[in-house]
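Dumping the structure here so I can ask a few things about it.
Chains here go by letter, A, B and C, matching the order in which they are written, and residues are numbered from 1 within each.
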Amino acid sequence: MGAPAPARRALVGATALALALLVALPWVAGRYTVYLTIQVLVLAIFALGFNLLFGYAGLLSFGQAGFFAVGAYACAKILLAVPNLLLGLAGGVAAAGAVALVLGVLSVRHTRIYFSMLTLAFGMMIYSIAWKWRDVTGGDDGLVGIPRAPLALPGLGSLALPTVERYYYVVLAAAVLAVALAHRLVHAPLGLALQAIRDSESRAEFAGLPVRRYRLAAFVVAGLYAGLAGALLPPLESTVTPPIAHWSTSAEPVLATLLGGIHAFAGPLVGALLFYVIKDVIVRFTEHWLIWYGAIVIVLVLGFRGGVVGLLARALGRPPEAPRA
Amino acid sequence: MLETIAFQGLIGLALAMYLWLISAGLTIIFGVLRIVNFAHGSLFMLGAYLAFTLYGQVGLPFGVAILLSLLGVGALGLVMERGFLRHLYGVDEAYQLLLTFGFILVLDDAVKLIWGGVFRIPPMPAFLDGAWPVFGRPFPVYNAFVLGVGVLTAGALWLLFERTWWGRIVRATAADREMAGALGVRVPRVFTGVFAFGAMLAALGGALGTPVRVVAPGIGAEMIIQAFVITVLGGLGNLRGAFVASLIVGVLSAYGTLFFPVFELFFIFVIMAVVLLVRPQGLFAR
Amino acid sequence: MSELLRTEGLAKRFGELRAVDGVDLAVPAGRLTAIIGPNGAGKSTLINLVTGALVPDTGRVRFKGEDVTRLPAHRRVQRGLSRSFQIMNIFPRLTVLENVLLPVLARRGRAGRPLAPVAGERAALREAAALLEAVGLADRAGQPAGALAHGDQRLLELGIAVAAAPELCFLDEPSSGLTPAERAVVLDLIRRLARERRTTFVVVEHDMDVVFALAEWIVVMNRGRVLAEGPPAAIRDDRTVREVYLGEEL
């Protein structure tokens, strides 16, 4: 169930190093890099939730941008009324989770193909609501003037976040928390149960696992993660507009996870970094980066289904994925 | 008032034909290959763009433009299946979905790259111009034409699958591909043919819209969503159900535009949600 | 002996085909039963109906006196009614240990815990390890299940079925595809598990050697109905049964 001891030590070491680098980043890098890293961390949270649903539970959702947008808009609305960052973030997460619960009940009871279709449809439904419900969402102008509200911890006073660097630490803390919780989940019985459901839904049912209920749980968790990722955006950009609900935004965690590796815990995290590195390069040459993304998806799906982490594992001599029975 | 409702219903029926054409292709592909082609909306969109270019810009006759656009998208469908999708048949179906999703990304952006942004609508072909007075209002002749094409296609598909040799082979492959293969059917060829055929149906839907609908990069996504809703209502793989569901969605959309202008899409989704809860296998499944 | 299972007029049709056409069956606790019959007799459909994979058109299923006809499969498992599959159905990407650990966790109501690590579930882990010992797979506990040889996967399949500590366990062709040596292992295992764990097995089988080696009671099905049932000796001599099998050596 766990990696052998030397590999585990190396993993812990690498994680500690990465963490140290991330904490030290604002001191060694310029503002643009910090800003970019925030984007990477947000996508990492987004993709982590997506992969809990896909890599671990076996459910492919093309509509995660819907929950991302709910989180963003909810946080924005809260911050515009009450400038309290924690409240905004919590509200965004809760709203996304609530919507995920409702849509999940409708979606997880079906076959996996149907599920994927429904998630695409529901995601775009949220997009069209964001576009058309001017009174609440501001329509295609979106919501503007969202304050980067201070972080007020009850009993500990309030911390203003005037600079991107300060906000970076909020995002980093959220990311660390998200990764830690996800790590616990995949190593807990529920994580194992989800993987079993992914491997064989019928066998899981006859092993006594309530398949639908656990799938719903996974869907809601993915929605919560998407909501957190979305909620971290408004205080940074100070505006929220409908494109964040579009399916092309849903494609981002898909691509990040494919790039990094579906069957590895760190896959979405590595993939988030790769996503922005590649995007940064592509955008210098053309504004049509989606074509390249699509091409990368196609190449990965046809030839490199283990992603970068899969390639690395094979290069390091780890045994390949067990074949399907 | 009654006349407005009846008239709008007719408009909805014409609208339904576009939905029917794309849903028919999606349904047929799923029925035989067991793949949901997420990129089907993009094929619809390409049909529209090709027909627009050939008719509106190059100046070819309307019918020729439609035919060429069908052939072009059919060829693309052939390449998609043979060159790409085929490699994933033994693998987890999720990867097939991901591949078609990758196609959406490529095709939708490629269209922006090749053709740029939004276009004007080309002039109506002369013999389809004008309007007939129906329920006291001018009903565009072109809408009747679209209705005719849609119904004819439904009839032709029925004939094709029930009465022709090719249709029988396709149905056999859909029902049991191993058995069909054992009986001598070249299953891979059937797959390619069906995929290209389905692509052509989508292209027909797109091409038909050329003189009346705006050709823009977002129409692919719009259509695939509605095709999915129709699939939920009609049942996945159920061609008859797809036809009836297209009529329902088309007519309801038309009424939605009339009575709830801002939320017509939301209204359709509510209906889809209700069907999902109450009769998840579709309204018309056996 | 208490009655574990009773079906009343169970029926299921697929289009024109009456796969199960009015089956009344009773299984008392402790009596190892075999269900035999030619292909298409309805044996697998019967298992599916009893265990909850299918909902019957008419009829009832009573388990330990409770009407479970419409109860979802996972709830029947929680009540003590489980099954194995004819076509190998294990969790290929999980380890052998994890495969049997899950039903144990599910039975203990701990499968849904989201935060505490699996490694901390000591009681469940011990039980799963003991089960692997019992089926003879303990030395492969850490291997991915998909990498096991066919015969070992059958043993694992059996292990998953009994890991939920069922009182009644349906085995769907447990010896299919096995070599004679592997078959002997499986038979021995079933006998042992029946004794040690007080599980009542109902075995659907084609292989007559297996049937006569194991069964204390045989139910013969044909065309969706129960043709005959009784102790092995009686079934062997029954003329209608011999006709159905057309001269096959019983």
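Structure notes:
We take it that contacts are C-beta pairs under 8 Å (C-beta built on N, C-alpha and C of every residue); 3 or more make two chains touch, one makes a residue touch a chain.
Please read all numbers here as calculations on a predicted model, not as lab measurements.
Each chain gets a centre from the mean of its Cα atoms; the one farthest from the centre of chain A is C. Inter-chain contacts peak for the pair A-C, counting C-beta pairs in contact. Each chain gets a centre from its C-alpha atoms; the one nearest the centre of all protein C-alpha atoms is A.
Our note on geometry: chain A versus chain C, Cα centroid distance of 41 Å, whole angstroms.
Note on chain placement: the centre of chain B and the centre of chain C lie 47 Å apart, centres being C-alpha means. If you average the CA atoms of chain A and of chain B, the two centres end up 33 Å from each other. Counting only residues that touch two or more partner chains, chain A has 324.
In chain C, no position touches at least two other chains. Those residues of chain C that touch chain A in the complex are listed here as 51, 53, 72-74, 77-78, 82-83, 85, 88-95, 97-98, 101-103, 105-107, 110-119, 121, 142, 144-147, 153, 160-161, 163-164. The part of chain A that touches chain B in the complex is made up of residues 54, 58, 60, 62, 106-107, 109-110, 112-114, 116-118, 120-122, 124-125, 128-129, 132-133, 247-248, 251, 254, 258, 288-291, 293-298, 301-302, 305, 324. Residue ranges on chain A touching chain C, taken from their complex, read 1-2, 181, 184-185, 187-193, 195-196, 198-200, 202-211, 213-214, 217, 263, 321-325. Only residues 36, 38, 84, 87-88, 91-95, 97-99, 101-110, 112-113, 221, 224-225, 228-229, 231-232, 236, 262-263, 265-266, 269, 272-273, 276-277, 280 of chain B touch chain A when the two sit together in their complex.
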